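These are the structures in question, set out in turn.
One chain, subunit A, links the two complexes that follow: it is found with subunit B in the first and with subunit C in the second.
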Partner chain A sequence: MTTALDTRLGQPWRKPPFIKRVWLRWSVAAGAVLYLIAAIASIEVNWSRVYEGLDRGAAFIMSFTRPDFISRAGDIWDGMLESLIMTVAASVVGILISIPIGLGAARNIAPLPVYLVCRSIVALSRALQEIIVAILLVAIFGFGPLAGFLTLSFATIGFLSKLLAEDIEAMDRVQAEAIRATGAGWMQWINYGVQPQVMPRLIGLSMYRVDINFRESAILGLVGAGGIGATLNTAFDRYEFDTAAAILMLIIGIVMVLEYLSGIIRARVQ
Partner chain B sequence: MPVEQIADGRKVWQKRNRREQLTHWASWFAGVAVFVYCWQQISESTTWFFVWDAPRIAGDILTRATPPKWFYINELWEPIWDTLNIATLGTLLALCLAVPTAFLAARNTTPSTMIIRPIALLIIVSTRSINSLIWALLLIAIIGPGVFAGVLAIAIRSIGFCAKLLYEAIEEIDQKQVEAITATGASRWQVMAYGIVPQIMPAFAGVAVFRWDINIRESTVLGLVGAGGIGLQLSASLNVLAWPQVSLILIVILLAVILSEWVSAKVRGAII
Partner chain C sequence: MHWAPPVSFPCPSERKENALLLSLKSLTKTYRTGDKALVSVSLDIPKGQVVALIGPSGAGKSTLIRCINRLVEPTEGQVLLDSVDITELSSSGLRRERRRMGMIFQEYALVERLTVMENVLSGRLGYVGFWRSFLRKYPQSDVDEAFRLLDRVGLLAMADKRADELSGGQRQRVGICRALIQNPSLLLVDEPTASLDPKTSRQIMRLICELCEERGLAAIINIHDVALAQMFVQRVIGLQSGSVRFDGPPTALTPDVLTEIYGEEDWQATIRKDDEEDAEAAVA
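The block that comes next holds the complex of A and B.
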């Protein structure tokens, strides 16, 4: 009598395949290969243009060794300040608005109609790209940091409300019920039963969002919504790679500082 | 517990003592002052006349944009295909580059913590903190406009994101399995292939699909700076103020975003 073990004896071990069914495995692989061939074939690469550009690429990389902060110092300073201002203002307003919407989008707190309205606001804000919102707002409100500020606030609402709502939905019911049992009103219930549970995460997420808002504010200038993006775009257009490198280094530096700060703050509140 | 004595000698509980109250108040004051300053700056560089006029302009744009020019969709199939390719090829390329970076950056697999790890971390931070639109701008200046620049921009932007999540996953692996493989006399590469890789496979797949979803979103707008995809049509339509075309493109982008989010949620649900 041969058992399953006997048939395997003497045969070397083989890694089990990822997909068990043979035909499915092969058709998935074939499909992937076909798609890749079709996709790569449809990309037209002008290799001579790429080859010509390599010098410029090398020049750009070299310009990181000697970034030029000086010759456009005024423009860089103004743009950076405007980016930071938009970031701060939009983060404050966005966080303030996203708290009520986040409360409304949590199913265990809000009644169904409120829940649906808040969830659709969140979905709308998440589905629309920042840059597309910025284009529309620039068309409506005119050029300047106001459009950028509104864009970032709008994007913050979608991000923060969704995560806050998920956090509230995952909270410990027992504590909230204990507060309710003392006869607390709705505001008191939120304030003493719900808020302490979600506060650390809310602060952490807000800090993270400040970081994202700054990174996004760097590109809003491309469509005229204020910030450092316009200066950067001009620098690229004029092939002033030294200035561009300086701006990029500043952006990376500020993002690193913000990340470091938010790390400290998150470690303190959690 | 901070307690304050009021006039008639009774003790009253307070949440904070006097010093905490003062610092609390001062930090709120500083925060509000900064916000007011920011708002003032924004307000100064805004033409308020345009803002008061905004509802009319918005209504005007809306009437121009509806109904969308539906048959324009025939000219959009190719840009949509390009957009999909930018996102997919960009993600694949990014993963090829992110995996080695992640192994070099993870504390338990890096060959040297003094030299190579900081370099890998620098690559991760710098690629992550610059938006793909800026990478696209830069690559267009270097290699010229087109889909290829878009693929590269998406790929570079994604390296940092993928490598960061991957190296965190590598640092969290179960060391016992690695030891077990090492104990069989496996070489360094065999330990990686049979001890580490199977443990990070779910995280890897999750990161790949998640990033693909984000990349679909980002590749829809890359065309605004000339890097191919549906954004090219969007910026062309915006430039000639063809609002019915703009609204159709926006609908297509919205559908693509929703679809990619649905696909990525399904795939992640199946893997994890």
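The block that comes next holds the complex of A and C.
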């Protein structure tokens, strides 16, 4: 019975290729290279325009060496405060709403109709990009942080509900089953069997979302939804690159602080 | 070698209590895939009797005990617990009856990120309201009983540890406390020793049987280890392809019977009386 083995002994072994047909494999590779060349060739670059712009770019970059926090200090402070308030309020509201929606969007604990409704809400929230939502809400509620707050809350729901639901779907079924077997009611079952399993991830994701919301709040100002983005936009419009540099440095600083804090909190809740 | 029933650990059924506790009538479970997990299983279990359920993987042992507390919905048949038909109950009625059936799981199934005490007290969830359980404000009598049970299984010092800090044997003992604090009449035990070493397995089986004896509990224990089952129970039920193939005392488990349940093998070694266990039992 060693004939099958004998033919293999002494033969080299190589991992089977992903595409078995040789001609197809080479055509795909060649096609990819040709496409890349064609794609790069199709980008139009106006080199004289680039040359002119270099000066302005350099001025902007050089302004980071002497950022101006002082001359627009009041505007910067107001914008920052508005952004932070927007971030915190939108995160709290968004997280509170995403928890029930996340529970409903987990197929293993929600009945089908609830699941479909919650998944639709998640899909809608994720399909609409923040800027588009913000433009719509600014049109409805006017310029200012209310539109930004609503946009960020809406975006938080899509993000957090989806990831929470996926975490619930990946939980250990037996732990939850054991709680059900004690005669626990539905809410008790969630509280004892499901919540402890998903809590660390929920906290981690929430912290991450606070971080994202702050960064987004800087962008939303560009379409009139309030916050530090509005101040930043104004600074650019006035060619006050030194003030713009100061604002960007503050944003980067705050994002890094939030990142650091969320890291500490996530390590604590494991 | 001649097999004699172990004398050191009498289990409850010797007390000859014949009042019927659990009765399965033509219980059938067909999964949506068409797999027949249980085919018309009928069984009677009197109060206080400890029964081992043996059979090959996939024979339907897990499905059987999960149909009793309806973690798995049976397709046909009845489950009568003190003449209450479990299969007919509404969800609130089912929760009330589940309190009377403590369950012990294969991989312990403790909620890993909760403390030992929370895990034990979760056995009272069927008795307390949502806010009490949410705020962890259990009645003092429940808290006392939890401490008593933890002390009984030798884990009182671990009460505030997180469940995932414990070893396998310790976790299973917490699982036993969680089942017992329900104050059940019946224990459903699913492979209690499958993830434990041989010595811990015996300790856990002995503990379960002792506690059943102390409290007059009936138990259905799914178990792979035939020799271990023979040491501790008075009645063995053999399941194969979803039907009962054997129902009798452990002494009646002959190689022929095991072949009927599991298929052809040399069974002599499996059913040989274990002298080691005798010695250990005598010391204990």
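What we mean here is this: the second predicted complex is superposed on the first by the 224 of 270 C-alpha atoms of A that agree within 3 Å, B and C clash if a C-alpha of one lies under 4 Å from a C-alpha of the other, contacts with A are read in each partner's own complex, and residues count from 1 in each chain.
Methods note: contacts are C-beta pairs under 8 Å (C-beta built on N, C-alpha and C of every residue); 3 or more make two chains touch, one makes a residue touch a chain.
All figures in this text were calculated on a predicted structure; none of them were measured in a lab.
J.: Once chain A of both complexes is superposed, is A:Phe60 in touch with subunit B (first), subunit C (second), both, or neither?
T.: So A:Phe60 only meets subunit B here.
J.: Now for A:Ile219: first (subunit B), second (subunit C), both, or neither, which partner does it touch?
T.: Only subunit B; A:Ile219 stays clear of subunit C.
J.: Counting only touches as set out at the top, which of subunit B and subunit C does A:Arg268 meet: first, second, both, neither?
T.: Touch status of A:Arg268: no partner.
J.: Please tell me which partner, subunit B or subunit C, touches more residues of subunit A.
T.: Between subunit B and subunit C, B touches the greater number of residues in subunit A.
J.: Once chain A of both complexes is superposed, is A:Ile85 in touch with subunit B (first), subunit C (second), both, or neither?
T.: The first partner, subunit B, only.
J.: In the overlaid three-chain picture, which partner chain does A:Lys20 touch, first (subunit B) or second (subunit C), both, or neither?
T.: Once the two structures are laid over each other on A, A:Lys20 reaches no partner at all.
J.: Who does A:Gln188 touch here: subunit B (first), subunit C (second), both, or neither?
T.: second
J.: In the complex, go through subunit B and note every residue touching subunit A.
T.: These residues of subunit B touch subunit A: 34-35, 37-39, 41-43, 45-47, 50-51, 54, 57-58, 61, 81-82, 84-85, 88-89, 125-126, 129-131, 133-134, 137-138, 140-144, 146-148, 151, 217-218, 220-221, 224-225, 234, 238, 250, 253-254, 257-258.
J.: Which part of subunit A faces subunit B closely enough to touch in the complex?
T.: So the residues of subunit A touching subunit B come out as 35-36, 39-40, 42-46, 49-50, 53-54, 56-57, 60, 81-82, 85-86, 88-89, 92, 127-129, 131-132, 135-136, 139-142, 144-146, 149, 215-216, 218-219, 222-223, 226, 229, 232-233, 236-237, 239, 244, 248, 251-252, 255-256, 259.
J.: For a test of understanding, state which residues of subunit A touch subunit C in their complex under the given definition.
T.: Per the stated touch rule, the residues are 172, 174-175, 177-185, 187-189, 191-193, 196-197, 199-200.
J.: Quick one: which bits of subunit C touch subunit A in the complex? Just the residue numbers, please.
T.: 69, 71, 95-99, 101, 103, 105-107, 109-114, 118, 122-127, 130, 133-134, 175, 178, 182, 188
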